[in-house]
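We call the chains A, B, C and D, going by the order they appear; numbering starts again at 1 in every chain.
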Amino acid sequence: MKIDRRCFLSLVIGGAVGTTLTPVPWKLTDDIAIWTQNWPWTPTPEKGPSVYKKSVCTLCNGGCGINVRTVKGQAKTIAGQADYPVNRGSLCPMGISATQHLYGPSRIQSPMKRTGDRGQGKWEKISWAEAISTVSEKLAELRSRKKPHTVACIAESDRGTVPYLLQRFLTAYGSPNFIRTPSSFDAQEQALYLTQGKHGTIGYDLANAEFILSFGCALMDGWGTPGQMLSASADFKQKNKLVQVEPRLSDTAALASQWVAAKPGTEAALALGLAHVIVRDNLYNKDFVDNYAFGFEAWEDENGTVHQGYKSLLKQYPPKKVAGITGIDKGTIESLARKFSRAKHSVAICGRGSGMVPGGMDEALAVFALNALVGNINQPGGVTAIPEPDYWPEMQRDKTASNGMQQPRVDGAESDRFPNTRYLLNRVPEAINSAKDESPIQALLVAGGNPLYTMADTETAKKAFDKIPFIASFSTYMDETAQYADILLPNHHFLERYEDVPTPAGTPTRVIGLTRPVVETRHDTRHIGDTLINIAGSLGGFIENAFPWGNYEEFLKQTLAGQWDSLEKQGYWVDPEFMPPAWEEAFQTPSGKYEFYPSQRSNPSGKDADALPGFRQVELPGVQEKMPLTLMPYASARIAGGAVANPPFMTKTVDADVIRDGDVFVEINPKTAKEHDFSEGDAAVLKTPAGKARVRIHLFEGLMPGLVAMPVGLGHAAFSDYIAGKGANVNALLTDVTDPGSGLNAGWGSRASLVKA
Amino acid sequence: MSTQSDNQPVPAENRASGWVIFVFFLIGLIASLISGWIAFPNLLYSTKQQPIDFNHKVHVEQMGGQCNSCHFFRDDGSFSGQPTLDECKSCHMYPMSNDPDEKKFIEEYVKKDKEVPWLIYAEQPPCVFFSHAAHVNGAEMECGTCHGDIGQSTSLREYQENRITGYSRDIWGYGMLRIGEARHGRRHKMNDCAECHLKETGSKGDCFQCHK
Amino acid sequence: MTKQARHTKTKRYGMVIDLDRCTGCGACMVACYAENNVPFRKDESDKMLSLNWLRVFKVDNGKPFPDTEICYIPKPCMQCDGRHMEGHSPCVSVCPAVATDYDEPTGVVSQIYTRCFGCRYCMAACPYHARKFNWWDPVWPADMEKYLNPDVSARMRGVVEKCSFCYHRYQKARDSAYVEGRDEIAENEYQPACAEACPTRAITFGDLLNPEHEVYELSRSKKAFRLLEKLKTNPKVYYLTAKNWVRRKADNYLEGESPADRKPAHKAETASH
Amino acid sequence: MTTPAIPEGVKRCSTRKFAIWLAVVGAVLLWGVYAMFLVWYKGLNQTGMNDAYGFALWIWADLAVIALGGGAFFSGFLTYIIGKKELKNVINYAVIIGFICYSSALLILALDIGQPLRGWFIFWHANVHSMLTEVAFCLSCYFGVLTIEFIPVVLENPKLDRIPFLHHLSHNLHEVMAVFAATGVFLSFFHQGSLGGVAGVLYGRPFAFREGLLIWPWTFFLFTWSAAAVGPCFTVMVTWLTEKVTRKKLVKQEIFQLLGKISGWMLLTYMIAKIADTLYWAVVTAPSKGFALMDFYSNNPVYGIWILIAELVVCGLVPAFILISRKGRENNTMLITAMILAVIGVCINRWVMVLQVMAAPLLPFQEWYMYMPTWQEVATTILPVAYGIILISLAHRYLPVFPQEKELNPGN
């Protein structure tokens, strides 16, 4: 029997024929296709019962009620809480995508200490015990050197129990330097104090207003409480009640029944011009002005000096002149003034952009005066002061602490120069950079906010931070400031922790919301309240005694004992007794009346004109010839402009004419483009006195010629790869322009030039 | 390229005869048939044991003869599937018998507060939305129609997993190429769903009826 | 052995988006991504490579400052009824493997990711660019897989996906109705994530055939129109606006034609079976 | 130097020279194969396609090679069914070119899907309404037919021909070739047509959409007609190129002229139909969807009206008139130029029916979508060219492809 290669061929053919008659080829083909349907690297979400949990979002100071869907202890989706008194079920994209931050790569997962140079991003994991002892040792050392006042603490808010614990800690420790990060509400709250004599949050009853005159407020892009404003937008639209004053056709201007494109920075002049017409034509509320207001007419002080009144100041602002300043025609001013005074409940609001863009005192006072002229204070659809919460237990402190508290604040707030200003973070860099010897801040606790991103002229701020020997950050995320710290004591994510959220700015009722854990703590983080209690405990003495609670939760329940039932059940508490006081009792100013002439206003010159809210053009830095354009930041609901950067979902929604391939687009009017020889998509370098940035050009007819509009919230250097390295940070291109009487930053924009890249 | 020798015809006496070639063909054929029909199915599936044994019969008797005592609908209409540890614990916080598997359950899962990683015979892939409500409440079907007599079983059978797809063998059914009986209730592949839907409702149904 | 499945009335689910209300905030998009496990990448600036089931476009009237006006146009899948209203939507009829299908009971155009083999013919057929391709394997960095919604399957690389009107919410609502012994679900029981999330309440959703649903009247209003009406794709997404220039942005008009001359939008009732 | 593997009586280059030639082309082939595996492994993100360009270079290449491969079915039709026996002199080559074109098309199709392992769904879960399903079925079947038509050519290799079984197989296949040719013609009519239908049925894409007859849009017939017209041109063009490369005459000029004449009349009639179709589309279809003709040819950097003129006039009517005139055909330069123009014309047609369809914006607020292929796409598109050259080289070397070669090159 011979066997040759034909036999093998035959064997193979037999095998092939047989195989086709078996399941092998067919089943494999099918199973391989099924395998592609079930690739192990494509995740399969775990099934389970849906459990809905109520909480409050704290990603910005808005404080919207949320309803979180969880499955097997994992947060899935977030929606607005339908009955929450602030946002009524509406929620901004940031709140909806909060789960991305919760589970995302920008979380700080444990306490860490810096091993490389500052900002280099080299960290070493440490234990909480080590972290607490490092901070306490540093603080104890400063106290032993009698320098407790060189400790400063930065927070995003000064209301609620966490900021309170921070303030309490500083008080017990001996430092007056609790600093809230700047926003346009600084000026508004000070204006509230100057005109009404009250410290508190401003409530605008926009829902009941019939006519809203908004001086550049990005109502649709983050101003006040985003969820609340978005929820009210349909009402604004339907009732044709919104007029937007702004040089850019923003989303708010688009929604408004009238867009008044005033030159930027001339808002105060417009307010005064409107007041002029209202007073000239006797359209103001005589009852209020005659009986409950002070300084409308000329007045005589105890020394017999006669002071100019608001009424006579207004003479300097006839429509023709105001038209010249603002670029709005006379007729519009006249008609706007009449509409404002004739509507039943008119309210004028201010705070440029999402409230992050600075503004001076004149503007706030001039806008407030409009509301007073029509008597819309503590009225439905008007302005109300919401008192600050006051439920804090007493404490004792030692001598070191008392001495420390006597020292002047580092930022110059509450000083003789700026007596009515409570916080001036914008002045801190200069205070440090101009110090002759060592930095006046020896230890900085960053307990909120992200100053190295949000502060104007961030480079200078960074230089100042360089001189602070010790920086501790409590941030949940690896933000720009945390990245620059020496030690990280990460707070829980807000979906993992308890916290109270008092009345957000703009809301006209007194409300407390409860942020509470909807998922278990994911990382080795600790509630900032607990960390403070731990640090206090390790410092011992009176400081320890000032923190007698076992943990933050216990403290919170104790502090809010009266509201806790409601908080737990509904997720919020509304003060049933809160009623805006009648005019008779409303004002705690020296005159006991609403002060058109703010007698408490810091006025070094002593001139009436400087006390009254006049229009003084803010001198933006830079030489006009070299920098012929004006840069203005703008807010977008799709880009988070505050301390916490965009989660990936939000960046995904941003159009390609705002960010492309890592570049940010600045808007310019096609006319400006023609003058400077730019066309759509061109790369350019945007220069301001504070710095420069690579940008690209987007032509937008809706922007006033001569302006360059740049979105707030891009150009992050920290967080994660999903947001870092996209565009440029507009804050870094702006400069602090000190408002004379208040020290606040009045630099709403900057001179700028655009050169082809 | 070719060589000279290739061009010479091979002498006939040096060539294998026809029947030898045919035998080789048969060998190839039979070997492939055997490996394809017998060895291949065994290689394709891996066999896994359940983490602990479970006596459905006893539980059904104890719980009042109803499947939905443990496999119930939640308020929102979703089907709970396997009982969670908490549900089991409501009876089995402490041993109720001398059964070694119950002991193991209490020691390893109840005391450690760990969910039992049951292997689910009828687990559908993630792309499938199977509405138990539609079948049990809407069409008033019995559990056993699809799941067989598992409720009467005293012990859990082994679980076979397709090594390529990762799915339970119950989905495809036990016969290869869908030949032969479906063991353990019905097969759960799409064709099986469609077949029954066509028979019972007159239409195979639209894609989104069962896909997500 | 088994009873016939319950028969519910044929629905034509549709959406009405009030463009005069939309402020372009993007909440609908984000809610959609979160609900539907839409993946994301580090750079999403190329919108033609960005997976999004819903995109909000910004358009302007082209007039110079200060007469400029802007409008936002949210664009989900139009769930076309097709040329003759019989479900032969542009995409459904071209799919070679029946991976996309017209769901008869609801009118939703389905997409089955596990059937799709990625030929992308449907994308070529769709005039609205509603269909998106998974060019990459989806990746959820850090622990982000944990937020994935179990009601929606994650898509693998190489398949097409698109807006489903959150059909899984319809499935869940039906489940709930079955358990409660009801045949029909209420209007508010089935709302897609975008409609639910819209903070300005610009998006209304419901059954276009049901006079009790809000969309019934809205879709028949004088202000209602649809995108690219002339293509006769018969979308079930309607838009409302009082502005003529916006309507001009939503369809193509020859010289001398005006939106005002147009016949009213196709009525959905012609689709009833 | 003649080895028995090479057909008798013809001269071939040295093995060394041939090996170098193969190596050079093989390198290009390998580059393409590398890109191919990259695409299969990493997915379609390796391409320049995006959500606006679901179809791009590859689909164009598919449509183009299938149109050009149409020479096989049309020559077969002429040879076996019409009975133009003289075309037997090119039919082998036409079959080989067709085989290359169709196998390439299938390869590219296998590349161009996001889930290649599910590719068989198109057959198993077929949607009969989809033009692509029709394409897949007809294409695969016709590829089978082409393979059967190709086999006897392969079996004519002297070495294979010596094996009695193969010799008889080859002989018998020749006997029934007319049956396969007829099947091929039938299948080709449908798949060429359905490829045209792929674009023509897109009623949401006004640039592509054409009204039609029953379920078939006009593009269905236009594609078949144009493939029949230009396929033979491509066969002649490749034959002519082969002649240039091998530096000898392989087919008699009369054959070229005959094919040219047939192509010319086909092309002319096609152009008449195509122009009528374009006019109807421009005047009736597009305006009914809100578009004026120039909307499709302006406001973008590439697609100007020139492309329409190039397709219809320069690469359509001009070659048609050259080919139908005796003078034009008898001048070899004119003949070949006309054929090349015709080939370019059909490629432009396939390009605009794929790429321009994707590029044209539909919503007034959208802009033209532009697309740039990546090197992976280019490499995989060149891959079939290299593969074709290699197959042609091997076929020419070892198979008696051209019956007239011996006669035309005496003294070898």
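Methods note: a contact is a pair of C-beta atoms (placed from the backbone, for glycine too) under 8 Å apart; a residue touches a chain by one contact, two chains touch by 3 or more.
Keep in mind that this is a model prediction, so the values were computed, not measured.
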(request) Using mean Cα positions, find the chain sitting nearest the overall protein centre. (result) C
(request) Would you mind checking which chain's C-alpha centre is most distant from the centre of chain B? (result) A
(request) Using the touch rule from the top, work out which pair, A-C or B-C, shares more C-beta pairs. (result) A-C
(message) Can you work out the whole-Å distance between the CA centroids of chain B and chain D?
(response) 48
(message) Centroid of chain B to centroid of chain C, CA atoms only: how many Å?
(response) 37
(request) Take the average of all CA coordinates in chain C, do the same for chain D, and state the distance between these two points in whole angstrom. (result) 40
(request) Pull out every residue in chain B that's touching 2 or more other chains. (result) 76, 78, 125-127
(request) Mind pulling the residue numbers of chain A that touch at least two other chains? (result) 32, 35-37, 44-45, 47
(request) Specify, in ascending order, the residues of chain D that touch 2 or more different other chains. (result) 115, 118, 121
(message) Help me check something: in the complex, which residues belonging to chain A touch chain D?
(response) 29, 32-33, 35-36
(request) Name, in rising order, each residue of chain C that touches chain B in their complex. (result) 1-6, 98, 100-106, 108, 110, 112-115, 151-154, 164, 167-168, 171-172, 174-181
(request) Quick one: which bits of chain A touch chain B in the complex? Just the residue numbers, please. (result) 1-4, 6-8, 10-19, 21-24, 26-28, 31-32, 34-35, 37-38, 40, 44-45, 47, 49-50
(request) Could you pull out which chain A residues touch chain C in their complex? (result) 36-37, 39, 41-48, 71, 74-80, 87, 90-93, 96-97, 99-100, 102-105, 107, 220-221, 226-227, 230-231, 233-234, 237, 249, 251-252, 254-255, 259, 261, 522, 637-638, 648-656, 659-662, 669-671, 700-705, 720-722
(message) Touching residues of chain D toward chain A in the complex: what are they?
(response) 115, 117-118, 120-121
